[in-house]
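Multiple structures follow.
In what comes next, chain A is part of two complexes: it sits with chain B in the first one and with chain C in the second one.
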Partner chain A sequence: MKLRVNRHELAEGLAAVSGVTTSRTPKPILQCVLMEAQGDCCVLKATDLEMSVSFTVTQVEVEEKGDILVSADKLSQIVRESGDETLLLETGEGLCHVRGQDSHFQIYQQDTREFPPVPSGGGPADFELETGELRRLVGWTAFAAARETSRYAINGVLWELQKGHLSLTATDGRRLSHAEGKPKTTTDRSLRAIIPIKALNLFMRIVGEAEGDVGISVTENENQVVLRSSRATVTSALVEGQFPNYRDVIPTDSDKQADLNTAEFLSAIRRAALLTNDESRSVKLSFQGDELVLTGRAPEEGEAVVRMLAAFQGEPLDIGFNPVFLVDALKVVESDRVTLELKASNRPGILRCGPNMLYVVMPLNLS
Partner chain B sequence: MEREIIYMTVTNFAVAVERVVHPELRGRPVVVAHRDAARSIVTSVSSEARAEGVRPGMTLSRAIRYCGRAVVLPPNESLYGRASRAIFRVLAGFSPLLEPSGHGHAYLDVTGTGRLFGPPRDTAWKAQKEIRRQLRLDASLGIASNKMVSRIASEVIQPAGLQDVPHGNEPSFLSPLSVRLLPGVGPRTETQLADLNLRIIRDVAAMKMEHLALAFGRLGFTLYQHARGIDRTPVYPMQAVPAVEEAKVLPEDSNDFDLLQRVLREISERAARRLREKKQRTGRMELCVWYADHREGRRGLKIAPPVQSSTILCARALTLLDLVMERRTRVRSMRLRLTDLSAGSVQMELFADPGPERHTKLDLALDTLRHRYGDKAIVNVA
Partner chain C sequence: MSIFDVRHQPRAHRMIQRALSGNRVPHAYVFHGPDGVGKEAFATAFAQLLLCPNPRSAETDLRKRSELADWTGPAMDACGECDDCRAVRADTHPDMHRIYRQLNAFHPDTAVRNRKALDLGVDVVRHFVIDAVGAKPARGRAKVFIIREADRITTAAQNALLKTLEEPPATTFLILLVSSLERLLPTTFSRCQLVSFSPLPQDFVALQLRELRPELEDNAITYVAQLAEGSLGLALQYVDDGIPAIRDRIVTPLERLDAAGGSTVVKDWMESAKSLGAACRRRDPEISDTESQRQGLNVLLALASAWYRDRLRSAAGKAETGPRATLCADAISAINTAAQQIELNANVQLCLEALVFRLAWQRAS
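The block that comes next holds the complex of A and B.
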């Protein structure tokens, strides 16, 4: 194999696949990146056996086709530290030579036949989404997914596609985020799959704004998902298990409603949360008339009271929330105003921004 | 302001406490060790047994060979703990800056208490007198400008007495003493020092720091300072860990598991009730079981999220009992200790089962009944 490659694009590709290679593995081969020089492009591939990624580098001149398997970490470091516009990569005598204008690196290469197969992700997508829409849906839900919890089924985002209608839901057992959207193109197939949060985050990191549409498909036996953009493909095993019946916990009987300015509400929560600590991680929201009073209290430290205007309808109510849960949601809200629907101090609240996005959050027991 | 530190120690603490409880042991050689195993380790030795060659850390069989007439007593940790706490209470009357350093040993920072109790020597004398009057224990006290010198001072006047090291006299006080009195110098370091012909502290103080660092690494820097009587370690006051503790001594020693479960249920319910009275939740539980042969078993577990429900605490305590009961020996007493107490609000769960809410209601109803009609009004017979 011999090719000349644009260093910036190669660095971008290596950064993308490095999200999968792991430094601590009993199989050293999984720390490597496979580079396949084919025609007018070079494809970088990496896998940790659960998740695989392939990234196509297009700004290359392939002088000799072939493939090479080298340490992803070492190659990344070389490419990152180099100051050259282009680099020449070639193989010979079990070595990978990386040549710049004033440098020459030789890295020992591994046997490419030992590298686990990386799914190609070929075939038509079950549905396609605009990149912006994907960002909106994933951004609104991914933060609410559980991480490292004993309930494995909620370590991901539930994707449901039915009759051309797509919804994403994530929960960590204390809050739930739900977004609905419309795919650009779709097949008749109905889908229900829990995509691991790691795969989604990796794909969102790789996919660029300018890449147009992304395709998503679930394999026939429904145990793998393929997320594909024009340059990158992420393949991952789906999360197995029963996602909780989330529709039952979305309140339908809220009788109090507050219309709030998003930025003001976010700022007020952040300020009130300054005087909370691990022992009393709660901010009390007191709604009365057109005023919302937020109170934070930390034993032996002090108390914070922040007031803001709120168009509130209903009986006065005091309710406590973990400020982190509210801040997480308000940070990704794109609209100027949000609506908070409440029922009682021991019942979940619903934060809505627009008709297709809602966030259910359980309060703290203030008693 | 120059610091004034008192180090208080009761020589052969375990033996001294046993002699308070059993005055007939005075004047006789006494050894504290478990009696049931030949390889038991001696933990405390009276001066009479020490004179015959017995040392702490020796196996019991060897100790008996050295001193056949020695009285062997099993360790009574709860008694030593009570005696220690009583001593600390006496010392705490002289200064709030009290740092316990094991059973029967403590540092007391009396800096600035001159107008209340007089010079440090007077304070030490008063403390010694008070310990003798209240607890019939003889303590030795060292007074110096830092912790290390005060400790060494108390060691050189054992078994009882007062040793005051005036400010500035630390190096001259230490210089003729053996290097083994310096903290961090064990038998191995002592041999290494002896190889360099450094046997007394004066020899070490005469060395340059670079030479000591070359021979002993980081310990060399410490040795250099200690040999000159320098120790800047502050006296750390006692940290009271908030906890709820419930214990019960069984009417008769027993290894009947059903009976032990009943007793544990009773004490965990009592502990849970006290938690609710304090409006707190616990995040950690520890169960300690004392056997009839004075051995103990101890296990703990974390509880997340923190709880105060009797039902949950009972269930967790029974789990601990399964883990802790590794022996078939009869049990004498049990103690349940709840720590990591918090009074903050509790995050509610979206998909929670209604169980915890029912438990809370049940606990509240039981608490009300017991408050009105007494503890025996309603009991758990499960």
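The block that comes next holds the complex of A and C.
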């Protein structure tokens, strides 16, 4: 293989695949990046066996087709430290030569046949989304997913596609967030897949805003998901298990509603939360008329009271929430106003942001 | 490798084939038995069989060879040719997870990485087993976890693993390899199908030694095969530690042991134990000084005990049994006592002194 490549492009590609080339693995071949020179581009591939990335580097002059498998870390360092506009990469006798204007690096190659196959994710996507829409949907849900619990199924975001309608749901057992969206194009297929957070985060990091649409598909055996943009493809094993029946959790009988300014509410919760601690984690929200009073109390430390305006309809109510759960959601809200729907102090509240996004959060005991 | 290359374990073969033919393979197995008799080889071959997309019926001669001759049901084996089989052989199959205590060196948390891998801790089990179980298989058929030295899983880690052992996802199989079942919690092994492995016949060990270490002389092979007590792994380890050469240095003094020379013998033995311990250390750099010394001493005492056992055997064949046979038997029991004391953390020097003087005294009386 022999190719000339723009250094910035290559650096970008290596940064994209470095998300899965871990420096610590019992199998050293997984620390490598596979470069495939084909036609007028070069594809970088890396995998950690659970997740794989391939990234197409353009601005490449391929003089001779072929593959190279070298340590991703070393190649990145070389590319980063070089000052040249372009670099020449060439293979020969088990070595990969990287030539700049005044430098020549030789890195030992690994046997490309030993590299685990990276799924190509070819074929048409099950549905396509605008990048902005994907970012909105994932942003609203991913934070609520559980991390490292033995209930595997909630360690990811549930994606459901039915009759051209897409919904994303995540929960950790104490709160649940749900977002609905509309794919740009879709097939007839109905899907129900739990995608790990790691894969979503990695894909969101690689995909730039300017890239237009992204395609998402699930393999036939329903084991793998393929997330594809124009330049990058991330494939990942799906999460095992049965996602809980979340529709039963979303209350439908709330009779009290508060309309709140997002930024003010976020700031008020943060301030009231300053005087809470591990033993008394809750912030009390007292709704009465047009006023919301937030109270935080830490034994032996003190008490915080924050007042704000709230358009509240219904009987006065005191309810306690874990401030962290509210802050998590309010941080990703894009609209100016949110509504909080409540029933009683021992029933979950729903935070709504527009018609397509909702967040259910369990209250804490106030006594 | 074919699953039938694992020899002299008819019970294990039968259990697996019965489970496969009934299409009711349990999700968790405990393979228990002495070290070095083929548990891991069998587990790997079984994993290959579970991952292979087109397993085939084994040929008759293969079945016969592995003591399954009277087994009437179908006997399955991996095809050995597909991509999955090749990947298992190369140990790069994405759905075969080998878990061992030294994996902590690859844990994302620095504190866990810097720990000494004395046992399989809860962090390693959580990260490499419990989290990995939650992902669907990469190639579609199954996921197999082989947990080496599972009797060194800490209690906390065993408790963390209970839920996974009880109801893993449908395509997940866990195989725990243990040498002593007592060290597993009852809650752990009651969730698993137990498969026991027995020591190998001595002549099989000798045969394998001849093949694997062709440079070895005949009498060394016989000696090591006898000493290893049916464990091929242990026999190979003895050979690699140079036991045949070291043997004379340890047992020759026993022939003319007296109270006067006792302290020299103790000194010699301490040195030998140290060098044997160093060999254990090379194999497993994570073990502590005391543990390596203890392992060295165990080998040394096994050598001494074997020497007396030989004498006992030849004495038993002669007409004038009487004092000499009892002497040997007493010596063996004295050695066993010393081994037990050392296992219980007694002072090694004192233990050896007591043993040597007792042996000398027995000889004199």
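Quick note on the criterion: the second predicted complex is superposed on the first by the 367 of 367 C-alpha atoms of A that agree within 3 Å, B and C clash if a C-alpha of one lies under 4 Å from a C-alpha of the other, contacts with A are read in each partner's own complex, and residues count from 1 in each chain.
Here is the rule we go by: a residue touches a chain if its C-beta (ideal position, glycine included) is under 8 Å from a C-beta of that chain, and two chains touch if they have at least 3 such contacts.
Treat the numbers as computed from the prediction; the structure is a model and nothing was measured.
Contact with chain B, but none with chain C, is seen for A:173 once the two complexes are overlaid on the shared chain. Contacts of A:24 after superposition on the shared chain: chain C is touched, whereas chain B is not. Judged by the touch definition given at the top, the superposed model places A:164 against neither chain B nor chain C. After overlaying the two complexes on the shared chain, residue contacts for A:123 are found with neither chain B nor chain C.
Shared-chain residue A:208: touches no atom of chain B or chain C. By the document's definition of touching, neither partner reaches A:302: not chain B, not chain C. Looking at the shared chain after the overlay, A:155 reaches chain C, while chain B stays out of its contact range. Shared-chain residue A:316: touches no atom of chain B or chain C.
Applying the stated contact rule after C-alpha superposition, one finds that A:94 touches neither chain B nor chain C.
Chain A contributes residues 171, 173-176, 244, 249, 279-282, 299, 320, 322, 346, 348, 360, 362-366 to its touches with chain B in the complex. The touching residues of chain B, when paired with chain A in their complex, are 342-351. Of all residues in chain C, only 87, 90, 92, 94, 103, 105-108, 113, 126, 130-138, 140, 160, 163-164, 169, 172 touch chain A in the complex they form.
The part of chain A that touches chain C in the complex is made up of residues 24-27, 29, 49-50, 114, 116, 148, 150, 152, 155, 196, 221-224, 237-241.
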